[in-house]
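The following pair of complexes shares a single chain, chain A, combined with chain B in the former and chain C in the latter.
So, the complex of A and B:
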């Protein structure tokens, strides 16, 4: 069959019967659907079931109904973690996008230098999250790190970055920006490269400056790439555990205890698996909203000319 | 088929059958074990474990022991979950805070039937810490036995104390510790930054170790639990302890504020690096510190916990690691054999001489091998447990107690919260965890 020619679909014999091409497609998809069902839907259903019980060491000891959900949404620890997650996610998102956009715009041209810098920018993203956070933990330590060297000249040599709620949250945000700006850069770079250069040329002929071109051409045409990066990063920041677990352990004063860490503590420190599953289901529902938003964006992109 | 080929086929078949029979005759059973140690590594306990396995396998050629190293924080959880899914090892190590899980999950094998009932009475009496021996006894059945007795303790640098004219034997009260810490906190290069802190504490909410607040509360352990798993932290001793701990950071500045996010691993690393003159630490890390100390392997020692009056030492928490067998193990008898070896006098001897641990058996402790001054710290620990040993009730969820106390301390340090209020918050967290 010549390339580009449509595959013949064949007749549909009844309403539920599959055409040959649909059967072939199903054959490709089915194994992955089954894997997804086994690894995602199964545990999810089990977690949902557990969320109605008091669970001790994986034993269902008594039925609690919605009580676990009530305990979770009224728990000071969980409420505090929602606040910390909101602050962390919003600030980290804004800064990660800004740095990612700056990198993407600056490194758009495929010169050797830019390709090399892009590779370097990707290093924090490709190394293990745990290793990266451990590295930053030591950098921020007053005794062992060189933050004291940086802060010393301005009279803050003894300031403990990780032991103060404000600066600990800043360190957490720094960890996220340091690691995930590269991801934002990749997504935004893809959007940037899809803009026809002729538009910039025409704008230049019309006397438009760099800022004007960025505001009137780059930003509007990258709208979808930016939104996709926003949703993906937001899902990541809302759920991430490693940054707070390794960098601060949720301290000081619970200032950096994110929802992911609260979930971890409920489940694997306190072993309150009923409560932990109730919280997990609530976080999952929030994620569903974000995923639905992401799907809508993709649909919009398909419709775009 | 020609007669020649028939003969060859017969011969080949006979050889094959014989080799299969030989294979069956020499079939090995592999006993798997989950521990946080990796026998391929070189820390003292790992070397001891490697030697123990080699010795056991030499004595029992039909049993192989396979170690699957695990993250120590996740290991008990995985084991309790594995009981449901059927993916458990034959043997697992369990920490003090998770012993009750063996009963609740039903995963722990009956060690009385497997081992203890075969022991002579003197073997049972050989465990000097009865609380530790019976810690995992539920419904009259032992589900785990102590492998290492552990606990927190106070480490100090010999050279720095000598230089400051401080006799370690005088550090029997919290006030004496404070005065010593003041003398020992130093900015050696006059750059305005402290180089050696007087007193190190791990006060992070996770991966905790005993703090002065907790030890202070244990001066009256009977008053700590007011009912079954109900706790009273906002007592006079609690307030005294939390105020003292916070003041070490804010008022006396002998402990860095970083302590609020430093966990038990960090505090050990910092002590090894020479950043603390005196420091709280886990006794189980003694051999690690000895192997890595930047200031010399013989240049540190331990003291008993201080108390407010100094009349007797502060409470000595008893924790450590226990070992259990999986109830549904297909190799329970073989697992029992290895447990017997690991917990026997030979095994305990190796844990102590090579692994640098405090022996769990009296006979090992009293043997001539342990008469030398290098084991003074072992005798000191055993003596402390004998005087003021304390073990959290295994039936209560005490996993978050120290974390809650550390968060209460952070509330006092950072928010200037009233100590009573901070401790009441910790009480509420403890109650919520039950």
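So, the complex of A and C:
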């Protein structure tokens, strides 16, 4: 095309040929696209490639086909971690949502006090996950004497929370509820505030009680926010690494080893990069399902008025 | 409704008062639940070593001391702190630079495939980082960027630019387009318009997205612990993880390091609270 000559709508040679104005637009988004391709897509592609090989100190020694995948999904460590992750995710999701919803309902009005309390509730979420889990590990340790004071009255003064599989899992769930309830609250508040108050007034005039109003007005109208909170919390819980690495170290006896932790140990403790990449790809594929749900919800929210 | 304020309705008022007392009590419980672990850590960090393990525990340190903090600084916690500052600043500059330009294009410039790009951004925001660290380490080690702060800055930018683009995109859309049109008529290029007209008006959007990146880079443990192994490039969270192995059950220095890590975040959060919410409601997960 000769320079400077405007061609209003010439016959397009290809559907994918760039219009001049598009060429400039693409220049604007190119750095962004490149860095994502290089540092998100690139590693995934390389990891996918590595997952078919036996890897020793970064040397691809022999092609193994799907052997790594098979070994990973049949290993007791990984299978155990999937069970632990499932228990953790389901219980943590239920409790975090419940507490988040209670916080949202309690702090719905934008009074000065409520805004301040919301901020305080968010503190565990904004600080580093590592530090949060570290501080909880200190509280739950027998050395601190903190749990002995709390559990003493019910006769469990000597109980070591982190040394017992059941209570270690409970501590892990506590970590999640402590950190993420306020996050759920923020997501749910958005939905709560979009409900017109006139609906409640009308229901009150009709004699509906508080519980009935919550079940018949609040919950149905918050469907989208609740689903968004569920999906976003699940993505986070299913992949959790910091909680289990710092708070419980996966113990006792692997009872709290989540899949994220198993992945970390395969890659960075045992240095089995072939197996670790195979598991990473499997976990990533599972995540894609959750991400797809997130996208569906995103589309629905965009369409909503 | 004015019933509550009329003098006849005394019982109403009493009920309102007891209700607000209950509300205050609930608020207190919420605050205690959220802050107890942090305050307990702060208290521990201020106790001399021999007081930390006494039973029953002292809630408030009886003989407060800064010895653990002093010890950390004598043994060189400055290096990881400086590393964390470098990584945070680098990641903010890079992500705001690349992110602002991309966000402007999506908000104002025409191109096909914009909807697809927006969906990719939302997908990128929701990819959980723990599932990426093994392939990413494999990749960085191959291009010799593992164990370097540069590698970390690039990774943090890649993970946070989608959030920056998202926040700034909606912010740019909210600006009046007339100013930009005037600038374009005056002969500014698109890039000049962005730099001289749009960005000066985008303070709140830049602060919101910048804070989001800074807190992520300062707090991140998962990515850094996988990429960094040598002492001199450790960021603060990785160094604290190292202390956990080194000090074991010596909780004085451990809690002191924890408090050093969270104090700046809490200070920033208190001052810029509303900006944080902009980032949080933007549709992704941060872990």
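As a convention for this text, the second predicted complex is superposed on the first by the 271 of 305 C-alpha atoms of A that agree within 3 Å, B and C clash if a C-alpha of one lies under 4 Å from a C-alpha of the other, contacts with A are read in each partner's own complex, and residues count from 1 in each chain.
The rule we apply is simple: contacts are C-beta pairs under 8 Å (C-beta built on N, C-alpha and C of every residue); 3 or more make two chains touch, one makes a residue touch a chain.
Every value quoted in this text rests on a predicted model; they were computed, and no experiment measured them.
Participant: Overlay done on chain A, so just call it for chain B and chain C: clash or fit.
Facilitator: They clash.
Participant: Once chain A of both complexes is superposed, is A:251 in touch with chain B (first), chain C (second), both, or neither?
Facilitator: The answer is first: A:251 touches chain B but not chain C.
Participant: What is the contact status of A:74 with respect to chain B (first) and chain C (second): first, second, both, or neither?
Facilitator: A:74 sits against neither chain B nor chain C.
Participant: Tell me which partner A:58 touches in the superposition: chain B (first), chain C (second), both or neither.
Facilitator: Once the two structures are laid over each other on A, A:58 reaches both partners.
Participant: Check whether chain B or chain C contacts more residues of chain A in the superposed model.
Facilitator: Comparing touch counts on chain A for chain B and chain C gives C.
Participant: Applying the document's definition of touch, where does A:280 land relative to chain B and chain C: first, second, both, or neither?
Facilitator: After superposing on A, A:280 lies in contact with chain C but is clear of chain B.
Participant: Please work out whether A:198 is in contact with chain B alone, chain C alone, both, or neither, and reply first, second, both or neither.
Facilitator: After superposing on A, A:198 lies clear of both chain B and chain C.
Participant: Looking at A:160 after the superposition, I want to know if it touches chain B, chain C, both of them or none. Which is it: first, second, both, neither?
Facilitator: first
Participant: Could you look at A:268 and tell me whether it touches chain B, chain C, both or neither (first, second, both, neither)?
Facilitator: After superposing on A, A:268 lies in contact with both chain B and chain C.
Participant: Chain B has the stretches 19-27, 73-81, 91-99 or 217-225; which one runs into chain C?
Facilitator: For chain B, the listed stretch overlapping chain C after superposition is 73-81.
Participant: Using the superposition on chain A as set up above, list the residues of chain A that contact both chain B and chain C.
Facilitator: 58, 141, 143-144, 148, 268
Participant: Chain A touches which residues of chain C in the complex?
Facilitator: The touching residues are 23-24, 26-27, 30-31, 33-38, 40-41, 44, 52-57, 98-99, 101-102, 104-106, 109-112, 117, 119-120, 122-124, 126-142, 154-155, 157-159, 161-162, 165, 190, 215, 218-222, 225-226, 237, 240-241, 244, 249, 251, 254-255, 258, 261-262, 265-266, 269-270, 273, 276-277, 280-281, 283-285, 287.
Participant: Quick check: in the complex, which residue numbers of chain B touch chain A?
Facilitator: Answer in residue numbers: 73-74, 77, 80-81, 83-84, 100-101, 104-106, 192-194, 197, 204-207, 256-261, 263, 270, 273, 275, 397, 399-400, 403, 406-407, 410-411, 413-415, 429, 432-433.
Participant: Give every residue of chain A touching chain C within the complex, in rising order.
Facilitator: Per the touch definition, chain A meets chain C at residues 21-22, 24-26, 28-29, 31-33, 35-36, 38-40, 42-44, 46-48, 50, 58, 103, 106, 113, 117, 119-124, 126-132, 134-136, 138-139, 141, 143-146, 148-149, 178, 182-183, 186-187, 190, 232, 235-236, 238-242, 246, 260, 263-264, 266-268, 273, 276-277, 279-281, 283-284, 287, 290-291, 294-295, 298-299.
Participant: Any idea which chain A residues touch chain B in the complex?
Facilitator: 56-59, 61, 75, 77, 141-144, 148, 152, 157-158, 160, 162-165, 168, 245, 248-254, 257, 265, 268-272
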